[in-house]
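Two complexes, one shared chain (chain A), two partners (chain B, chain C).
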Partner chain A sequence: METKLVSYYSDSYSEHAALLSGQSVLWLQALRHAALETFAATGFPTLREEEWKYTNVTAIEKHRFKPVANSEAINAELLKTYLLDDMWNLVFVDGKFSAEHSQLDGLNNEVEFHNLAYVLATQPEKLEPYLAQAVSNDEHNFVAFNTAWFNDGLFLNIPAHQVLTKPIQILHLTVSPDCLATSRNIFVAGKNSEAQIIETFVGENAYLNTVVNEVFLAENANLTIHKLQSESKQAYHFGGTYVKQQPHARFQHHNFSFGALLARTDLHVDLETAAECSLNGLYLGVKRQHIDTHTRINHNKPHGISREFYKGILDNRARGVFQGRIVVAKDAQQTDSDMHNRNLLLSANAEVDTKPQLEIYADDVKCAHGVTVGQLEEKSIFYLQSRGINIATARNILTFAFANEMVEMVSIPTLKKLLATKLLNLLPV
Partner chain B sequence: MLSIKDLTVNVGDKQILKGLNLEVKAGEVHAIMGPNGAGKSTLSHVLSGKAGYTITGGSIIYAGKELTELEPEMRAREGVFLAFQYPIEIPGVSNIYLLKAALNSIRKHKGQAEIDAMDFLIWVKEKIRLLDMDEKFLYRAVNEGFSGGEKKRNEILQMAVMEPKLCILDETDSGLDIDALKIVAHGVNSLRSENRAFVMITHYQRLLDYIKPDFVHVLADGKIVKSGTEELALELEEKGYNWLNEQAAV
Partner chain C sequence: MSTTNTEIENLIGQEYKQGFVTELEVDTFPIGLDEDVIRKLSKVKNEPEFMLEYRLKAFRHWQTMENPNWAQLNIEPIDYQAISYYSAPKKKEKLGSLDEVDPELLETYKKLGIPLDEQKQLAGVEIAVDAVFDSVSVATTFKGKLLDAGVIFCPISEAIKDYPELIKQYLSSVVTVQDNFFAALNAAVFTDGSFVYIPKGVRCPMELSTYFRINASNTGQFERTLIIADEGSHVSYLEGCSAPQRDENQLHAAVVELIALKDSEIKYSTVQNWYPGDKNGKGGIYNFVTKRADCRGDNSKVSWTQVETGSAITWKYPSCVLTGDNSVGEFYSVALTNNYQQADTGTKMIHIGKNTSSTIISKGISAGRAQNTYRGLVKVLKNAENARNYTQCDSLLVGDKCGAHTFPYIEVKQPTAQVEHEATTSKISEDQLFFCQQRGLSAEDAVSMIVNGFCKEVFKELPMEFAVEAQALLGISLEGSVG
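Now for the complex of A and B:
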């Protein structure tokens, strides 16, 4: 009897598995094995799944992406653009840590940071309390896929009371054609600690990049993560960040999605008592780009605060998807939650599917939400024209201003400048 | 400078301006008064080139050219300025950015180089003092969160920076208290010159105590129905617009 393949990526797994890190770590092998089984049963998510009904990923099966043993040479110009001053830079090339390109001088000795492959080879037990603890393989099959395939990533462990004086940038550079880059990152912020992380994704050629970040914030920790997704315009990007916040912890996320042919971000936050999160984002799609953002905030305990503000700009035939789900548990009284999503469509063929979803099981809560989809306002364009500015420039100024509001929320000057420059390059002339 | 002849304008099927005539020469100040809905803002919008109005007849000659053939930004560069009755808020765009872009668009049009950043700052600060505005307004988003009076002053600031030839002020005095009115009037008066003309649309005679007009016109039902001098404004204030209707009925 003929057996139909569910996915090339489960069928070819055994060919590549020997290359993946942690071969001798039994608990990890068991975890990978279970993940592969989960993935192999149904393959990548399909439009039939509620959380994936606007995002068709079947194109991935048309490619034969695979892990790359020896990377192509790095485009020095590209690297230079993104290696920002005034921060520590950890560079991953095609999913693997590159000590050569990283800059870590002066990073506090007490801060534990190693690439995952190294930790798995030396002290794998350090990862056991965290790996697959912030998200399970059942979440969706990209998570299972990532668990089966990940090869490297960053393990960052900030001890209690430590304050990092500079941001840490994790620069994921994918350069080899048809590369399958799969990275798993674990960020642990101890009690009362403070840190800022930037994860940046850039590359050339067609490739598949899947990322899972598991983030643990101890009591009263304060962590900011910036994501700059500026992948190659032929690439597929699936990045999930799963955050567990202990009481009074604060988490800020700034999500800039500019690149890739098809990109999806999943962002989940679990809030314990009086924990606070703020999720800001900007997605910008041109040509035929498809950019999907799914966020979920779980208010599990009382007095939590969540603020979410996403903007989207879609031009040409680009399509945006935004789903913001907020779940307030029965126990989570006095929750204060606010979510807004504003979209600007610059062309009649651009499209956005936006859906805020509130599930409130507590009775004493403050929850506000709003969604807008619109075009640039004629009266604003005319106002600028009446001041001598030509219509094309007027449209650009207004579009930039709409987008730049999100950039202004970033507090790291070098990153802010990079983002503004990128915006100016991306917006229609 | 400006010659409007038998101008008729529609919004959709509705005729708003019904054969309007107006002659404005360089150096003159004209006041236009008239009841609500008479078509005053329509006139100001048509002069500045706002979309949504159909010109069904007549002509508008400005500096020897048919104005209606120019795009709004070209009119602005050629020296037509409208101080809006309801200035628009532009979040995310700073006042100083807009002022500089506006000035440079005019300079470019005249074949001049872009203004040096330092020179511009000196230039704009001089203007901002003229209007007794705080310098911090330069760095705020255009009109965002401004009070009614601050918005009106900001319009005059833009006018002062752009140095237009034909200044159209659409109810710039509405919503201003007497102190703000004096400041705005001072700003306008300091811009008066023999090669610049003003068309001031207003509801209140009191503005004319501070900015002396050469001519006063009454616009009612889409036409200039009466023209005169300052005394006409006083008469209107005293007798009300109904007086015009009565006259028309005679």
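Now for the complex of A and C:
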């Protein structure tokens, strides 16, 4: 079975390669072929790999996903719901940039802001210092897969001292059945620059969406990324974000995983001296959803600060997986790191597997983690009931309150409103 | 800062007192392992046929397995054909009493401070001891007195001959021969160990203990311990160990199985002080142990307490399978690593029955260039309604060249379960040290005091005599490491 699949993606590669961007760029072709070889050797990750112990991706093998040349018509309703006002919007349909739906009016000319296919066609040398530099193909085979297959994406280069006045929204919309949407995004934030990004994933039908973000923060840059994963309920989603932070850079990540049949998010942050990161997230699974989040924070140099707070809600037969790994290198004295993961199980068939990890090689550090798994508190439910609220509503109120704490951390009002609405819609009626 | 580190380093490098070798005439198998060696072993031990079959089955399975490498450990490859699988002191035909034990051996245990002389023990602190020397049990005290109470306490090799039914029923019923690489190897070649059976409703009249001693070189020690607590019984069992100081690494791969039936309680305490290797990480014991308890009956309880200060590499996870409703599992651990020692240790709590609860308190102390890892699993299965777990893992770093790691796994399939996990890592703060020194304590005493305080929650679970020993041991192991 496995050999069949590996050969499907290896064999059909030459057939589809013409569709992929950057055909004439030699260094990219070499990179893609190396990636394809890495992937072909073992295929998608299996449960035998420690990092994939709880996430079985064999279901992907039942499909034959492929890149789409001409996309189906777009559901305008979806766009309307998810495109947020008062920001620059970029829309990717089936993994390809759609100028028609994007709007970038008023963006400072100094900010380089292009889709990847365009940059590869015009100035590919601009990408060379960044592509595959924040993450290597050896990370795991989804990354190698992405490198071999990516078609488009975004190249954002914010020059030093620039502060973007509005957030940038990148909306990934996948509509064609059995579509293989593969995108690669490069975010570069110059010294003292500041920006906010919102990644939104929505779609219809069954498809595979893999996204790899490579993020480079120069000294004292400040970047916030929000991820709203609200893929179709039959979709498979893999999203990896790999961040390199120079000294004093600050990075905030807000991760909301609501959609997809099987979703996996990887988030890796490398911190140099006195860099700070804060990773917050909420995963909410219903029906047979499987939502997996893997984070790794590498404190490489002294005085780094990291904060991580993830909450999970699992209902019906859903399964949540969380791994948070904090590595403090030998030199990273005075590291201050704190991680929490709280999980709420709402049904007898739901499951959560959580793996917080501390790996510490320096002695003068302050590191802690905590995990809880439990259900709604009887006393709180009783309190609400005693005030005349029926039990179902009481449970919803408490579940919403549990989740809303993560929404409240978001500072963009329109996004906050969208998240709260999504959340309310997801609660059982 | 740097001066403090030097002080710490000076404080560590303490010598290992149990590192002497006993000169004895021994029977030793030539090195190597194949089916013939196992047949010969079974024959030497005069075992019934079923044991040979059991061993061969385990050996055949072991041959299909690979040496595991998932732990956070750096292990030199082990050549299993370069080890002798049997070494025993030559002895007279049958030992009638302690008087017939080789005086050299008695002297050895005297030197180690292990009481093998029933009369000479202080009134009130009677402890029955099974002394295992390399591959065989050389003496077991208070056997008679225990038998009067109905308690069976004897070397497992004797139990195989005398109580084959119990062995057939319980051996490998918790840790199967296929369980893992070292358990399979152990099942194939184990030579001795202790066997305990506490009958229904009996509270064992004294503490039971086994002292393991490795003496011969180029041998491995493979011991097997089996403890069965029948309905409503209670037993407290202690385990200690030591080995001579040698430059090569020696393998110790033991299996311990505990079975707690309805309403029974087993308390299992270990003070592990195998030779840890020298200051440069040369030599020392590889301590690869599988310990597991099955709380088979309702309301049963198993409590593991361990103080791990020895061994070059420690790799063990004393676990509880909480099968019975309302059963309780506890794990209290202090693991101290110094110099080049490595430890990857923790526990597994598998909640199967309803209202089961477990507590994990783990204290890891890492000094010198050591690496200390807590690895634990808390698994709540679907039917384990109202399961409860509380886990606390604290790590203390002494010096800036060591590492402390925490790898918990939490898997919950039951919404009424309540699982909590907390972990912290820190160092002894300059403030704490200064405070103690300012009150007239030396830096070393201050560190020892702080470390003892850090470990107090675990020490209070140890039987009294052990607690004293453990504290002293901690002091010795930390000597030169204070910071």
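As a convention for this text, the second predicted complex is superposed on the first by the 422 of 429 C-alpha atoms of A that agree within 3 Å, B and C clash if a C-alpha of one lies under 4 Å from a C-alpha of the other, contacts with A are read in each partner's own complex, and residues count from 1 in each chain.
Here is the rule we use: contacts are C-beta pairs under 8 Å (C-beta built on N, C-alpha and C of every residue); 3 or more make two chains touch, one makes a residue touch a chain.
None of the values given here were measured: they were computed from a predicted structure.
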**Asked** On chain A, do chain B and chain C fit together or clash when superposed?
**Response** fit
**Prompt:** Of the two partner chains, chain B (first) and chain C (second), which one does A:Glu405 touch, if any: first, second, both, or neither?
**Reply:** first
**Message:** Looking at A:Lys355, would you say it contacts chain B, chain C, both, or neither? Reply first, second, both or neither.
**Reply:** second
**Request:** Determine, under the contact definition given at the top, whether A:Asp105 touches first (chain B), second (chain C), both, or neither.
**Result:** neither
**Request:** Identify the partner contact of A:Ile397: answer first if only chain B is touched, second if only chain C is, both if each is, neither if none is.
**Result:** first
**Asked** Between chain B (first) and chain C (second), which, if any, makes contact with A:Gly374: first, second, both or neither?
**Response** second
**Prompt:** Just chain B (first), just chain C (second), both, or neither: which does A:Ile389 touch?
**Reply:** first
**Asked** Is it chain B or chain C that touches the larger share of residues in chain A?
**Response** C
**Prompt:** For the overlay built on chain A, what is the smallest gap between any CA atom of chain B and any CA atom of chain C, in Å?
**Reply:** 15
**Complete:** Dual-contact residues of chain A (chain B, chain C) none
**Request:** Report the residues of chain A in contact with chain C in the complex, numbered from low to high.
**Result:** 50, 54, 330, 333, 343, 345-375
**Asked** Of all residues in chain C, which touch chain A in the complex?
**Response** 70, 72, 380, 382, 395, 397-427, 483
**chain B - residues contacting chain A, complex** = 48-51, 71-73, 75-77, 81-82, 84, 87-88, 90-93, 98, 101-102, 105-106, 109, 158, 162
**Message:** Show me the residue ranges of chain A that touch chain B in the complex, using the header's touch definition.
**Reply:** 378-380, 382-391, 393-394, 397-398, 400-402, 404-405
